[in-house]
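Shared between the two complexes below is chain A, which pairs with chain B and chain C, respectively.
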Partner chain A sequence: MKEGFRQSMAWLHTWSGLVVGWILFAVFVTGTLSYFRPEISQWMRPELRDAHAEPGAVARVIPTLQQRAPDAQRWFIQPPTSREPVVRVSWTNSVADQANGRPRIERGNFDATTGAELQVRDTRGGEFLYRFHFELSMQPIWGRWVVGFCAMFMLVALISGVITHKKIFKDFFTFRPRKGQRSWLDAHNAIGVLALPYHLLITYTGLITLMFMYMPWGVTANYGSDTQTFFAEALDFAPEAAPANQPGTLTRLEPLLSAAARRWEGASPALITVHHPGDVNSRVELRRDHQDRLSHATQALVFEGVSGKLISAAGAEPAAAQTRNVLYGLHIANFSSPGLRWLFALSGLAGMLMVASGLVLWSVKRAPTFARTGRIPFGYRLVEILNIGVITGLPIAIAAYFWANRLLPAGLPERSTWEIRAFFLAWVLSLAAALFQPARTAWRTQFTFAAVLFASLPLLNALTTDAHLGITLAQGNWVYAGFDLTMFGLGAGFALIAWHAARAPKKAAKPRKTRAEPLMARAEAEQA
Partner chain B sequence: MRSENLVSSLTASYRLSVASRVLAAILGGYMLSALTAFALAAFLPLSRSEASMTATLLSFLIYACAVIWVFTTRTAWRAWAGIIAPSLVLGGLVLIRHYTAGA
Partner chain C sequence: MSLFPFALTYSGLAALCFATNRSHERVREVLKRDLSALQRHGLRALGWGALMVSLLMAAAHQGWPIGTVEWFGMLTACGVSFVLLLTYVPRLAAGLAVGLPLCAAVAGWIV
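Up next is the complex of A and B:
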């Protein structure tokens, strides 16, 4: 291009970042919260406050399942962990759902000591935010493509952003506060550069998690449409066994669990799948957890359900498969200890701030021009409203989701769906509110509102449940207490932002030339 | 690409050039990276599962580079040429391989 490589990269960075920015912001926010998916799920089920895990509890849910769901196609059993000390179970009913013709999925929570089914409020917990992170509550296939598209352009924006910066190292140490546009640029640069390895890693590995859907052609080249064989060869996925349609008695689970522990140096399964329980051809599949490993390899043991004989064990992975599994594991970050997990979360926060400051920078840069001409184009106003509606609206929506969890009556039909409706209702209202206020007022009021919603959550929790700070702090129950304290922290953070947004802008953003100059050239000059 | 001037309106040919490049980046870039994945999977001297895996892992980097190329080069025509020429070569290789393997 005529103006040279770096300027065309600046253009590409600006526009590719703007187009996908709002979705990326939502992906970053929900993705960061997903590092705490078990803790969020736990907090949203306050009935489980005193639950604690006991080894061998998993086997105790089997009799209950045999009563509740003898004809299920599969049982999925998540053993209790220290982060989520209940046995979570779901199963696919053989009776198809009338609504969409697919097998109906049922869910249950079981006590990790007695194996009895627990009566807890109907909620999707952290699972909803986790799904939103890569499906945006759309039809899964569409949501995944949209997120993949945005992730691809995030990768482009990152690479072009790096190329744009002549002095990437100097940028890192540069922050000129309270100087309008220049401060936004400095902030965007500093946050972007500070967590750059994380941003690159998380974007690329995010694409890797769904790479066979986005880019199936490498597999097609060697396997045609037979992807099952590929997954069996490359990732050691065990082939499915068909039911024989003859009744069989499921073996006891305990010996299989001890066999797994012996093979896995004491590690335990993260997921137990029983295929065709009650059939003579049933299978028990144990998947190793990833708490102590980077790689997300599916280390699975498959046993015959009736005899308990081990029939397949996933073995060593070859180099490329291992690379993929480690990249996948780095994205999911199941391996991390609490300290490392918080570092990941802080990097995720940096990602949000990078995206948000980039979006705001787009507006701030153009504001002086329009202030002079007095004509505000539609595109500018649209970006402004979307910025407010997404950057303040999403936190408000998440707070509303948590509020609904505590306020909706336990017996409400479709209760978990109503929690999600509260989330979207709050978001739509925030977007609508942004339409009818001047931008500065909207930023201030909506950040204040978010601050109030988050900071008062622990109080609401204390009024509606027994899982509040007064009890959980004394118990040393850090899952619940940690959530409440984090909400105070978020409230304080939003209050601080609202306070800053309320202050009148200094005149530093004053243009230095009377004519509009090419904006990218100006940004260039300031970085130089 | 020229730096936008906010006051003057952008010319039609400029808009057309941007639209053309956007298409070249999104669709052309995908085509090129898909063909690269296909060809790498077919030709890499590894076991077939490893070749498919390696090819898929690399394809996203190819896509990113293709997009950057499209917005860097001087004209939209050159951008398209830079996408289509390697695609033809890769497509040809894949076809030759397909027919020789079938014979």
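Up next is the complex of A and C:
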């Protein structure tokens, strides 16, 4: 090695971080929002303002489903929760779609009190952001590979970053503002080190969630293409039962639900899957929810659909499966109370800020050199545009997604797709706008724009729906009120950043003289 | 999640910062003079003690698995807020190290 170990690690940190930084930023932003997936979905369906989670809701939905989708291969039923108080059902039609030959997935929301299908606007809600977090709206398999690749680089950047950081304990609490590059480095270091447990955890466990896809060789060596057997043995996934193609009557679900509650110390199922609902060989599978438990273990009960007899009860897991389930659970963070969820979200915010400050630092470090020579290389300008286009463009895109949800007419065909189009359109536009403006102006105007979009969301909500703050605050409906207030807070945050970006001088400010300065100089001299 | 261990985490980090950062600009602004070796050691022990107690309390309240996760979350949240406060309002940052646990204890006692 020609240079020292630390220099080579610094090089590795710089470039491994830069190459994947923009995707990592997007993954962090959408991932953090995914902690609030149910709340976002709820807000994006303002018609559900007064919905209440009620026990026995699932049983009430069954007759509706038997009329609506009698020939479906499967019903996936999610019982109402306090965070999302409707029964959400998706089912796969047995008739294949003409477009791609695969069974079509349909979705519906059902009232928890009456069991009737709810007429709500067509939206993907928080689900879109959640999917984007690990599939980037690409073909699922490609998106997952790209995100996994970036997560691997993130791990490399984290470890090389820790090695590069010379005074990790000494600078633990250090942030020196208004000193140009120094401040960016301080911010990047402080936010990286203070949230390091979270960064390591979330990157590593993120890779664990898709480990069978990224590293399939151990499984294929032992099971070949028969992965279903592997999952059945390793993770207690119940094997599928083939339909008998004879009509059968589905048993009542209430006894099955109370049997599950007895076995699970009162916990309720998070997902109820009915396989081949109209068939004599139907199966009802109940999966336990993950509240108050770290592990994302798939505790499942499978009943015969016609007789209601318990066939299999998975639960006692081997150590390897348990390890995987705890790591998986830590990533998903479904277990958490609202307080802990906000701690996760704040740490996620720290992750975004770390990635963003790292990207900006790359530019800030190189700016003086090019300012002297007066020639701006293509690579530098490219990084600058991508930085602006991603760091300000993505928030603008997300705000546009929420705006589209309120502004698009309810009867528009493919409405949910148009919401997603609005997201990408806004993003592309803000990337394009960055092309035609000087960097500093672009930062300022785009942050201002994001601030306006977010801060005015509660107002837009009040103008277009009946689920606005005036009503939701009075009702104590914290899902809707919390969303509106958070958006306003985000707007205020962006306004602060925009104000900072406008105020900061072009060159690094002179070091501020304070009383402590001479002492500092002396201390540094002593050290040297 | 209860308030008292949260507040203790903040105090613990603040104590450790004041005990170990002799050349930190803001720390000097608040302390005005060097701490004696004894004071530094005492402050450091106090800091670690507060962090340990907050971990134990979180674990006692939530059980070790979730308690530990919660503790790390509190460390990050308190660490970031402390650094920001120390940078812009150093005196308040120091004062809160004493004030927060007191307020949390009083709030816990009233509720």
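The criterion applied here is as follows: the second predicted complex is superposed on the first by the 505 of 528 C-alpha atoms of A that agree within 3 Å, B and C clash if a C-alpha of one lies under 4 Å from a C-alpha of the other, contacts with A are read in each partner's own complex, and residues count from 1 in each chain.
Rule of thumb we're sticking to: a residue touches a chain if its C-beta (ideal position, glycine included) is under 8 Å from a C-beta of that chain, and two chains touch if they have at least 3 such contacts.
Keep in mind that this is a model prediction, so the values were computed, not measured.
For chain A, the partner touching the most residues, choosing from chain B and chain C, is B. Legend: residue contacts after superposition of the two complexes on their common chain; A:5 is shown touching chain B, with no touch to chain C. Contacts of A:204 after superposition: chain B is touched, whereas chain C is not reached.
In the superposition on chain A, A:369 makes contact with chain B only, while chain C stays out of contact range. By the touch criterion stated above, A:195 is placed in contact with chain C alone, chain B being left untouched.
Legend: residue contacts after superposition of the two complexes on their common chain; A:324 is shown touching chain B, with no touch to chain C. Using the contact criterion defined above for the overlaid structures, shared-chain residue A:474 touches neither chain B nor chain C, since it reaches no partner.
In the superposition on chain A, contact of A:242 is made with neither chain B nor chain C.
Contacts of chain A with chain B, set against its contacts with chain C after fitting on chain A, overlap at residues 516, 519-520.
The residues of chain A lying in touch with chain B in their complex are 1-3, 5, 7-9, 11-12, 16, 152-153, 155-156, 159-160, 163, 204, 207-208, 211-212, 214-215, 217-223, 230, 233-234, 318-321, 323-324, 327, 366, 369-370, 373, 516, 518-521. Note for the complex: chain A touches chain C at residues 169-170, 172-177, 190-191, 194-195, 197-198, 292, 294, 326, 330, 335-337, 339-340, 343-344, 346-347, 350, 514-517, 519-520, 523-524. Against chain A, in their complex, chain C makes its touches with residues 1, 13, 17, 20-26, 28-29, 65-66, 69-70, 72-77, 79-80, 82-84, 86-88.
Put simply, chain B touches chain A in their complex at residues 1-7, 33-35, 37-42, 46-57, 59-60, 63-64, 67-68, 71-74, 94.
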